[in-house]
Every structure is written in structure tokens, then in C-alpha cells.
Amino acid sequence: MTTEPPLLLALDLAGTFAFALNGALTAVRAVRLDIIGVLTLGMITALGGGVIRDVLIGAVPPATFRDWRYLALALGGGLVAFALSRWLGRLETPIIVFDAIGLSTFAVIGASKALGFGLGIGPAVMLGAVTAVGGGTIRDTLLGRVPTVLRSELYAIPALIGAGLTVAALRFEVYGLAAALGAAAACFVVRMLGVRFNLNAPYPPGTTGT
Amino acid sequence: MTTEPPLLLALDLAGTFAFALNGALTAVRAVRLDIIGVLTLGMITALGGGVIRDVLIGAVPPATFRDWRYLALALGGGLVAFALSRWLGRLETPIIVFDAIGLSTFAVIGASKALGFGLGIGPAVMLGAVTAVGGGTIRDTLLGRVPTVLRSELYAIPALIGAGLTVAALRFEVYGLAAALGAAAACFVVRMLGVRFNLNAPYPPGTTGT
Amino acid sequence: MTTEPPLLLALDLAGTFAFALNGALTAVRAVRLDIIGVLTLGMITALGGGVIRDVLIGAVPPATFRDWRYLALALGGGLVAFALSRWLGRLETPIIVFDAIGLSTFAVIGASKALGFGLGIGPAVMLGAVTAVGGGTIRDTLLGRVPTVLRSELYAIPALIGAGLTVAALRFEVYGLAAALGAAAACFVVRMLGVRFNLNAPYPPGTTGT
């Protein structure tokens, strides 16, 4: 993380906080969980993707365990969501928006870090997407739901777009704060358009999407 | 593991055996599984937490794969549970007690090992708890149940207490067999009190615990 | 992978392709998933076992992320299955056969690689089996099903046989293409016999297998 400009670190931390809010709110809505369950699910959602990424590129212990800010933000996000769950928990919009923020920032940071650890273009894009969807996938699996990444509404595609733009910017040596924010914004916009218009990727021939 | 006194190694091995019994008995009770399913679930419960810990701190191959005693005890515990399932399987108490033993010893060993690999205080406590609850969480997930750690009855809290006491003892340089056993006992007692009196951590405001 | 003869690499790649076909077809049959969900599940099934193996032996980034052929075959297998799902998806046999092929080749390659990384005989056999069943286990877990490896029909046993024969051949220094193919064939035959005659491993005393 030390090679990232400070504002990209801020992006990563913002994504961590957003995912923690999302995970904790999802926990409150989905099943009745006590505070430990809510905080645990918030932390898993926030930290899961980055931990998977770091384990796969061999950057262990994961950044999450070496930089107290990640743990603190993941815990803080869960606590905020727990305290405000009566208000936030009824609204589906904050859950989706927080998730899209985490998805966008993690796709960019994940792809950038993967490339920095020597992965090729294809694997770096894929690892960016894995970073973005990893935490939410663990969250859904623990709650006994088929993960969002499999159920569509354009979830993996925006992550791949964000990661792809990041890798392209790095390869053409135009990567910087503007490029990172642009890649994250592209991911965010595509994701929110998918949610707003209920867009889905194509279904297998002979089946329907309803 | 070589820096641990012999009796702490014994603690770790005892936890492995207890978790294997627990996992295998859970398998027998939860779904009809054949012997391979029962043994597999016993081994996953027994070895999962330690494997996650070792992967996260970079101690690969995990101790589990380098020390035959872990594999043997995990397998042996599963075989014992399989053979005695007709008697043990009907009783909920042994499952809970074996689980609490594994939880306690793994929280202590996990926190101690994490600190030894250079993690900070907060991450070491968290990793101790992850070591303790990891195997059972995988067990529940594979069986399609929301993991105990999320469903409460004070499951994560005793693990955090055991790990926290361990880290405190190490920091104040009073760690030894007595401190390790004390930390494990504290975890065990809190866990069993939680089960006995059906204690739960606080629920989100506006929801009820029933 | 560089120490493997070319035809063993081919075996590994064939297993990857077969597992991708299997995972994608399972996705089409099990739940209505869009193309991203189908491809994701195909890739997870194809690459999951090898990634787990490489993470556990410390060979990170996993071969999957360093050799573009694995990613390409996993993606290609998923695309083929998606395109042909109308025909293949109705048939249960191709799903089972592709799965058995992946199971067989991955058990052999996994055990061979684990031994090459210095694991002992027991752990190498176990890691071979983990490589073989890992991807399918993640596939089933994400789909909310109790994994095949727990539900029997002789799934783990053939993998252990294939891995065991591989380790034996390596220890007696008769390992080569013939031995690898023989071990894989043994695994495949046992698995298919199990499916054909609906064989199961023993059930716990006092319960029945129906």
C-alpha cells in the first residue's frame, strides 16, 4: 500500500468503511443477529476481499492485519450500522450504495496491487474483481444466500470494468489519482445503472431471466 | 509451535481432538452423512481454524500438514465419534462441551502464535478468535447453516476474551503454562455460562432476541 | 509445474477444462444464473482446488494466476457449457463424467505437487484429495447445497485412491506418465462405479443410508 498515493489509500479505507456498513446492515436485515454477529459480518464483508487478494499474491500477513486503520474502520462501520440500524436497516438504498462504493474502490486497488506484485494483465483484472466481490461473497455464503456475484444485476461486470481500466491505465503509464478515480467511478456508475434499470447479463439460451 | 512449552502443544492437540469429535458428531446429527462425510467434517472442524491462521500469517505449509499428530488426532476424533455416534450423537451436551474445549485452546494458541509472527495486539487478538471459530464456521457453512459465531449465545466473545488474556499475558511477560491455562479456562467458563443461561450479546435497537 | 512431463501438464489442463464444463453446467441446472454467474461458477469449480493447494503449500501466486492457459481453459469451458447448455444441461451424465475427469487428474497432480513441495506422505495424499474436491466443494457451497464430498456416492474415496497411488509411485520411484495415467484411471473408474451402482461408504451405526 505504501506505493499508492495518499488519496488512493483514502479510497481503500473508504471502501473498507462502506463495505462494513453494508455488511452490518445486511446482517441486521437478513437474519436476527446480535451485536457480535452484526460486527463480525461487517468486518468479514469489509476485509474479506482484501484478505483473499493478499493471500493469493503472497502479501501475508494481509494489509488488514498490519495496518490498524483497516480493522478500526471495519469495526467502526459495523458499530455505526448497528447503532443506526433502526433507520438505515429499513432502507435498501444505503445498503446498495455502500456496496457499490466498496465494489468500485476495491476493484481499482485490487487490480493495482496485483499488477504491482507481478501478475499479468488478465490475472490482475481478475484479482481486482475478486478483491471487489470477495467480501460480499463470503457475507452471502455465511448467510446461506446464493452470492450476489452469481445472481447478477451486473455485479461482476462493473468490477471487471473498474479493474480493467485500472490495469489499462497502469500499462499505458497514465495511472494516477485521476485515472483511479475515473476507473472507480466507471465501476460505480455501471453498477448503479444495473441496479436502477434492473439490467442483467444474458441468460443461457433456452432459459428466461424471470 | 516449537516455542510453545510441551503442555501448550498438548493443549493444541487436545483442542484438535475435541473439535474433531464435535465436528463429526454435528455431522451425524445434522444430516445423514456416510463415514467419509463424517470424518471429513470432523477434520475440517478440527483443522480449519489453524489452517486459516497459518495461511494468514504466512506459516505455510500449515502446522497441520507438517506435524502428523494433528492429522492423526483429527482423524482419530472423527473415527471415535463415528463409532460412538449412536450414544454420543443423541446428546447435545458432549457436542457443546467438545466445541468449548476446542474454542478455548485454539483462541489461546492462535493469539500466541500470531503475536510470535509479529502481528500487533489488536490483530493478534482477532486472529486468535479467528483460529478458534474458523473450523466451526466452515463446518456450519458446509452444512448450510448460519454459523454459530453469527448466531450468538456468546460464541465470539469468549474467544476474544481468551485471546485477549493471552496477548495481555505475553505483553506483560507473565505468559507461561499457568497463564495459558487461565486464559483458556476463562474462555471455556464464559462460553459454558452463555450456553447454560442462554445469554446473548445485545441485539440491534428495535429488534428482539426471540 | 515445470517438473511435470508435458503430458501431465496436459492432464492438469484437461482437468481444468472438464471442471469448468461441469461447474458451468451445474450452474445452469441448479439455479437460473446469467452468463456471468455461469462463467464464474465454472471458473471457481475449475480453479478452486488448485488455488487452495497452492495457497496451502505456499506456491503463491497460484499457478492459475501465472499461467494464462488455466484461466483461458476455465473461461473457455464455461463459455462452451453456456452455449451448449440447452443440450448438455438436460443430461446428467456429462456433468458427472466431466466432474470425474477433473477429480481424477487433480488428485494426481495435487498429490505430486504437494510431495514436490516437501510434504510428507499422509499430508500429500490429503492435499491431493483436497485439490480434487476443493473446486466442487466451493461450487456446492455457493449454490447453497451440502457439498458432494460430504454427501457421498464415493467421492472422496476415489480421490484418495488416485492421490495415494501417485504418492506410492513417487516414493517407489516409478512415477511417470504411465503411473500418473494409471492413478487417474483408478480414481475415475472407482468414481464411476460408485455412481453407476449408487455405492456409498458405510453410514454411522444405527442410521440408514436411504
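Order as written gives the chain letters A, B and C; numbering starts at 1 within each chain.
Here, a residue touches a chain if its C-beta (ideal position, glycine included) is under 8 Å from a C-beta of that chain, and two chains touch if they have at least 3 such contacts.
In this text the structure is predicted, and so the values were computed from the model without any measurement.
Rotation angle relating subunit B to subunit C: 120°, from a CA superposition, given to the nearest 5. Counting every residue number used by either copy at the subunit A-subunit C contact, under half are found in both chains.
For this pair, subunit A with subunit C, the centres built from the Cα atoms lie 29 Å apart. Touching two or more other chains at once are residues 55, 58, 141, 144 of subunit C. Interface of subunit B with subunit A (complex): residues 55-58, 117-120, 122-123, 126-127, 137, 141, 144-147, 149-152, 154-157, 200-209. Those residues of subunit B that touch subunit C in the complex are listed here as 27-28, 31-38, 40-41, 51, 55, 58, 60-62, 64-66, 68, 71, 82-83, 85-86, 89, 141-144.
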